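Please find the structures below.
Look for chain A in each of the two complexes below; its partner is chain B in the first and chain C in the second.
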Partner chain A sequence: MLKYLFNFIVFPGFLFTVIVGLLACWIDRKVTARIQWRAGPPWYQPFIDIVKLSIKEITVPRAGSKGLFFLSPLIGLSAVTLVSTLVWLVNIDPASKGFSGDVIVIVYLLTLPAIAVMLGASASANPLASLGASREMKMVLAYELPFVICLTVPIIKSHGLLRLSDIINYQAVNGSFAASLSGIIAFIVMIFCMQAKLGLVPFDASEAETEIMAGTYIEYSGMLLAIFKITKTMLMVTLPLFLITLFWQGFNFLSLWKYVIILVVIILIRNTNPRVRIDQAVRFFWGKMTLMAILAVLLAVKGF
Partner chain B sequence: MNLKLKALTKSIWVYHMSTGSCNNCDIEILDLPTPRFDIERFGITLVGSIRHADAILVTGSLNLKTIPRIKAIYEQAPKPCVVIAIGACSCGQGIFRNGPNCPNPVDSVLPVDIYIPGCPPKPEAMIAGIVKLIEKLKGNITTSTS
Partner chain C sequence: MGRKIIPIGPYHPLQDEPEFFKLHVDGETVVDIDIELGYNHRLVEKIAESKNFDQVAFMVERICGICSTSHPFAYVNAIDDLLGVKAPERALYIRTAIGELERIHSHLLWLGLAGHFLGYNTVWMWAWRYREPVLDIFERVAGNRQNYGMMKPGGVRRDLYEEDFPWIKKTLRDLIPKIDMFKGAVMDDPVIRARTEGVGVLTKEDCREYCVVGPTARASGVNIDIRRDDPYAAYDKVEWKVCTHEGGDVFGKAVVRILELYESINIVIQCLDKMPKGPIDSGIKDIPPGEGIGRHEAPRGEVVHYIMADGGNSPARHKIRAPSFMNVASNKKAVIGETISDATIILAAVDPCYCCTERMTVVDYKTGKKMMDGQDLIRLSREKTERLRNR
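== the complex of A and B ==
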C-alpha cells in the first residue's frame, strides 16, 4: 500500500514526471527560441513560472460555478498522474506487470484532461472560454477516432494482447512494430493525434492566444492555472512514452533518447506550421488520418 | 533574496492595455519579444488574458470612455500586480494635456509603479524601465512618493 502511494506521488508518478515534464517544456521553449534566432529562457524558467503562479491570487468569476471551477483542474491532474505512473512502472519496473486491459484504461484516462479543460472552461462563465470549450470538444471528437483505430494495430499484430507489459515482451521477441509497414503508418498517425492531444500549434484552436485570448484558460489564475500547466507538461511526457511503449519496444533509462527524438519531432511540427481552423482540423483527422489508420489496420490484419 | 520575490521578478507575464493610443507605443512594445531584444530570456512574455498577468502595460491618453474599463481590468487582475505607464501620453498626458476628452492622467486612476516616457519610448528605454522596476521591487531603489 505504502509502495503504491510512493509510486503514485513521488517516483515515477507525480513529482518525477512533473520535473521531467518541466525540463521538456524548457527544451520546447529553448528550441523554439533558437529556431526563431533568439537566445531563449534559462533552464529553470518553467519551474519559476510554476512557483510564481502558485503564490498569485486565485480569482473566481462571480457568475461561474465555483465547485466545478475548483474541481476540474484536479480531475485532469489526477487522471494524467495515474497514466504516467502506469506507463513508467510497466517499462522500468520488471516486477510490475500491470493488469489485463490496461491499454483500454489508459485510453479512457487520456481523454480526461481534455474533458477537465472543457468542464473548467464551461464553469468559468466567459463567452471566449465557452468558445474554446466547444472547439476543444470538436477537437476531441476529431482526433479520438484515428487514435483509437491506430491503437488496434499493436493489438492485432501481437495477436490480441491487451496488457502493456505483454506488448513490450512480444516486441522484445519479434522486433518493434514501428519497423513494419502497418506499424510505421499507425505510428505517424498517432504522432499527429498526440500533437492535437497536447494542444500544440497546428491544432491549438481551443486556446489560441492571439485570437480568443487563451480560450479555455481565460478565467483561471494562480494555483489553478499552475495545475493546468502541470497537467499539460505531464501529458508532454506521458503521451510520447505511451507511444514508445506501444510501437517502439518500450524504454528504460538508457533508451530515453527515443523520447528526445519524439519530443524534437513535436517541436518541429509545432514551429513549422500555422494554426489550422477547427473545421480544417476535423477534416484532416476524419479524412486523411482516418483513412491512413484504416489502411494500417488492414495491413496489420494481412500481416504486413 | 527570498524565493517569492525571485519568482515574481524572474517571471513577469505582461498584459498590454491600450487606452486610446496612436498605436506607436504598442508597435514598439511588440519589438521586445523579437530576436533583437528577446525579453523571454528574462522570463517576460505577453499574455492574452488579464487573469494570467503580473504587470499591466498602459499606453495612450486615458480618455473618458476607457476610465471605467481600465478600472475593471485592474480589479480583475490577480494581485500582486504592477502597473507600467508607457509613452508620453500615459505618463503625463502628452499633447492631450489641454484636450477636453482626456482630463485624467493615468496615475490619477491607477497606482502606477513606473513611468517610461518617450513618444514612443525606444525598446532599450523600456528594458531599462523594467530593470528599474525590478530593482524597486527588490527594495534597492527608494522612491520619493512611497
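== the complex of A and C ==
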C-alpha cells in the first residue's frame, strides 16, 4: 500500500513527472525563444513561476459555483497523475506491472483534464470562459475520434493485446510499430491529436489570448491556476511517453532522445503555425486526420 | 446559446491602446458591434492653439507613436499650403525619405502584430526583428528610434549626410530578401490563407460608403493614394506605383502592405540618389493670416491637417483627421457575420491607431444621456469658426 502511495505521489507519479514536465516546459520556452530571436528564460524559470503562482491570492468569482471551481483543477491533476504513474511504471519494468485493459483506462483518464478545464470554466460564470469551454468541448469531440481510431492500430498489430507492458514486450520482439506503414501514419495522426490535447498552437482556440483572453482560465488565479499549469506540464511528459509506449518500443532512461525528438516536433509545430479557427480544427480532425486514421487501421488489418 | 456580449477592451491583450468593441455574439457568430472610443482623449487640437507654430510640429508628432512623422508631415504640408510656398528641394526629398522609412517600419510592425493576433508569435518576433534595421537608420539620421523631430514648417530640422547614404541603401537592400521571405510565408502558408482569405471582406462599395482610406481601401481595389493623387514633397519626382488588391479581405490587406514595403524601399533609395544639394530650410519668419490644408498618405491612410492662422504666433484653429477615424468605423461592415476568432484579426487588419482617432462625447453622467450628438458638435464647430473669421 505504502509502495503504491509512494509510486503515486513521489516516484514516478506526481513529483517526478512535475519536475520532468517543468524541465520540458523550460526546453519548450527556451527553444521557442531561440526560434523567435529572443534570449529565453533560465532553466529554473518554470519552477519559480509555479512557486510564485502558488503564493498568490485566489480570487473566486461571486457568481460562480464555488465547489466546482475549486474541485475541477484537482480532477484534472489527479487523472494526469494516475496516467503518468501507470505509464512510467510500465516503462520502467515492463515485465510485471500493469493490468489487462490499462490502455483503455488511460484513454479515458486522458480526457479528464479537458473535462476538468471545461467544468472549471463553466463554474467561473464568465462569458469568455464559457466561450472557451464551448470551444474546448468542440475540440475534444474533434480530436478524440482520430485519437481512438489510431489507438486500435497497435492493438490490431499486436493481435489484440490490451496491456501496455504486453505491447512493449511485443514490440521488443517484433520491432516497433512506428517502423511499419500503418504504424507511422497512426503515429503522425497521434502527434497532431497530442498537440490539440496539450492545447498548443495551432489548436489553442479555447484559451486564445488575443481573442478571449485565456478563455477557460480567465477567472483562475493563484494556486488553482498553478494546478492547471502543472496539469499541462505533466501532460507534456505523459502524452509523448504514452505515444512512445504504444508505437516506439517503450521508453527507458537511455532512450531519452525519443522523448526529446517528440518534444522538438511539438515545439516546431507550435512555432510555425497560426491558431486555427475552431471550425477549421474540427474539419481538420474529422476530415483529414480521421481518414488517415482509418487508412492506418485498414493497413494494419492487412498487415502493413 | 443566446445572445451575449463579448467585450474587446477597454483593456484587452488584443491591442495595447484603450479601445472598446462590444461584440454582440450569438454562439460564435458576431451579430452586432458597438465601437466605443474616447478613453484617451488628449485635447490635442486645443493644445495646438496654445503652442507656437514650431512647437506644434513636435506636439502633433506625439499624437501617435507608430506613425510619428505622419502628423508633422501633414502639418508642415498645411503650413506650406497656407504660405503658398514650397520648402527647398532638398528638404522635400528628405521629407519623402523619412515618410517612406516610417511606412516600412510601420507596415513591418503591423505584419508582426497581425501574426500575434493569429497566434503566430514567430512571425511577430521575426517581423519586429527585421524592423530593427529601419529603426537603426532613424537613430543614425535623427538620433531617435521614434519621434524623429525631422519636420519643420518651411523645411526640415536636420540634414541627411551624404556619407550615410551607402549604409542606408545597403541596409534597405538587405531588407528586401527578408520581405521576400515574409511574402512567401504569407502567400504560401495554407493555414495563414485559411485564416485570412475571405475573412472580413470589405467591398468597393463599402469602402466608398465608409470613406475608407489607405491600405484598407487599396486592398478592396479602390485605387486611391494621396502621394499620387495630390502629389506633395518629392513624390512626383520619383518612380513608384500604387499597390492594390481586389480581395478586400484580411489577406488582401496583408498583401497590399507587403507590396508597399517594396515600393517604399524603392522610393527611399531613389530619394537618396536624386537628392539635390542646397539649403534644407526656407527660414519662415512669421505666418500670415489664412487657411491651409495639408494631406499626407500615412502608413494607415490619408491624414488631413487643417490650419487656420490669424497672424499670431500660434494656430487659431488646428483640425486633425487621422486615417483610423475613417477605417475603424468600417469594422461595422467587416465584422458582422464573422466568428469571434475572425473578429479580432479583422479589427486589427485596418491597422487601427486609436490615439489618433479619439473623439469626445458629452454625457450627463447621472442619466447616461448624450448631451450633444454629432450634429450639435458640428454646429458648435461652425459657430466657432465663424467667430474666428469675424475676429
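Following the convention adopted for this analysis, the second predicted complex is superposed on the first by the 301 of 304 C-alpha atoms of A that agree within 3 Å, B and C clash if a C-alpha of one lies under 4 Å from a C-alpha of the other, contacts with A are read in each partner's own complex, and residues count from 1 in each chain.
Criterion: a residue touches a chain if its C-beta (ideal position, glycine included) is under 8 Å from a C-beta of that chain, and two chains touch if they have at least 3 such contacts.
Since the model is a prediction, treat every value here as computed from it, not as a measurement.
Participant: If we overlay the two complexes on their shared chain A, which of chain B and chain C does A:V276 touch? Say first, second, both or neither.
Facilitator: Once the two structures are laid over each other on A, A:V276 reaches chain C alone.
Participant: By the touch definition at the top of the document, which applies to A:V201: first (chain B), second (chain C), both, or neither?
Facilitator: second
Participant: With the two complexes superposed on chain A, say which partner A:P127 touches: chain B (first), chain C (second), both, or neither.
Facilitator: second
Participant: Of the two partner chains, chain B (first) and chain C (second), which one does A:K288 touch, if any: first, second, both, or neither?
Facilitator: Neither partner.
Participant: For A:E209, using the defined touch cut-off, is the partner it touches chain B, chain C, both, or neither? Pick first, second, both or neither.
Facilitator: both
Participant: Is A:W37 touching anything from chain B or chain C once the two structures are fitted on A? First, second, both or neither.
Facilitator: In the superposition, A:W37 touches chain B and chain C alike.
Participant: After lining up the shared chain so the two structures overlap, which partner does A:K66 touch, if you call chain B first and chain C second: first, second, both or neither?
Facilitator: In the superposition, A:K66 contacts neither chain B nor chain C.
Participant: Of all the chain A residues, which ones make contact with chain B and with chain C?
Facilitator: 36-38, 209-210, 212-213.
Participant: Note which residues of chain B are touching chain A in the complex, please.
Facilitator: Answer in residue numbers: 3-4, 6-8, 10-11, 35, 38, 40-43, 47-49, 51-52, 54, 76, 78-80.
Participant: Which residues of chain A touch chain B once you look at their complex with the stated criterion?
Facilitator: Within the complex, chain A touches chain B at residues 29, 33, 36-42, 45, 48-49, 51-52, 55-59, 209-210, 212-214, 217-222, 225.
Participant: Of all residues in chain A, which touch chain C in the complex?
Facilitator: Those residues of chain A that touch chain C are 32, 35-38, 127-128, 131, 134, 201-202, 204-205, 208-213, 271-280.
Participant: Taking the complex as given, what residues does chain C use to touch chain A?
Facilitator: Interface residues on chain C, with respect to chain A: 1, 4-6, 12-14, 25, 27-28, 115-126, 129, 189, 191-192, 194-195, 339-344.
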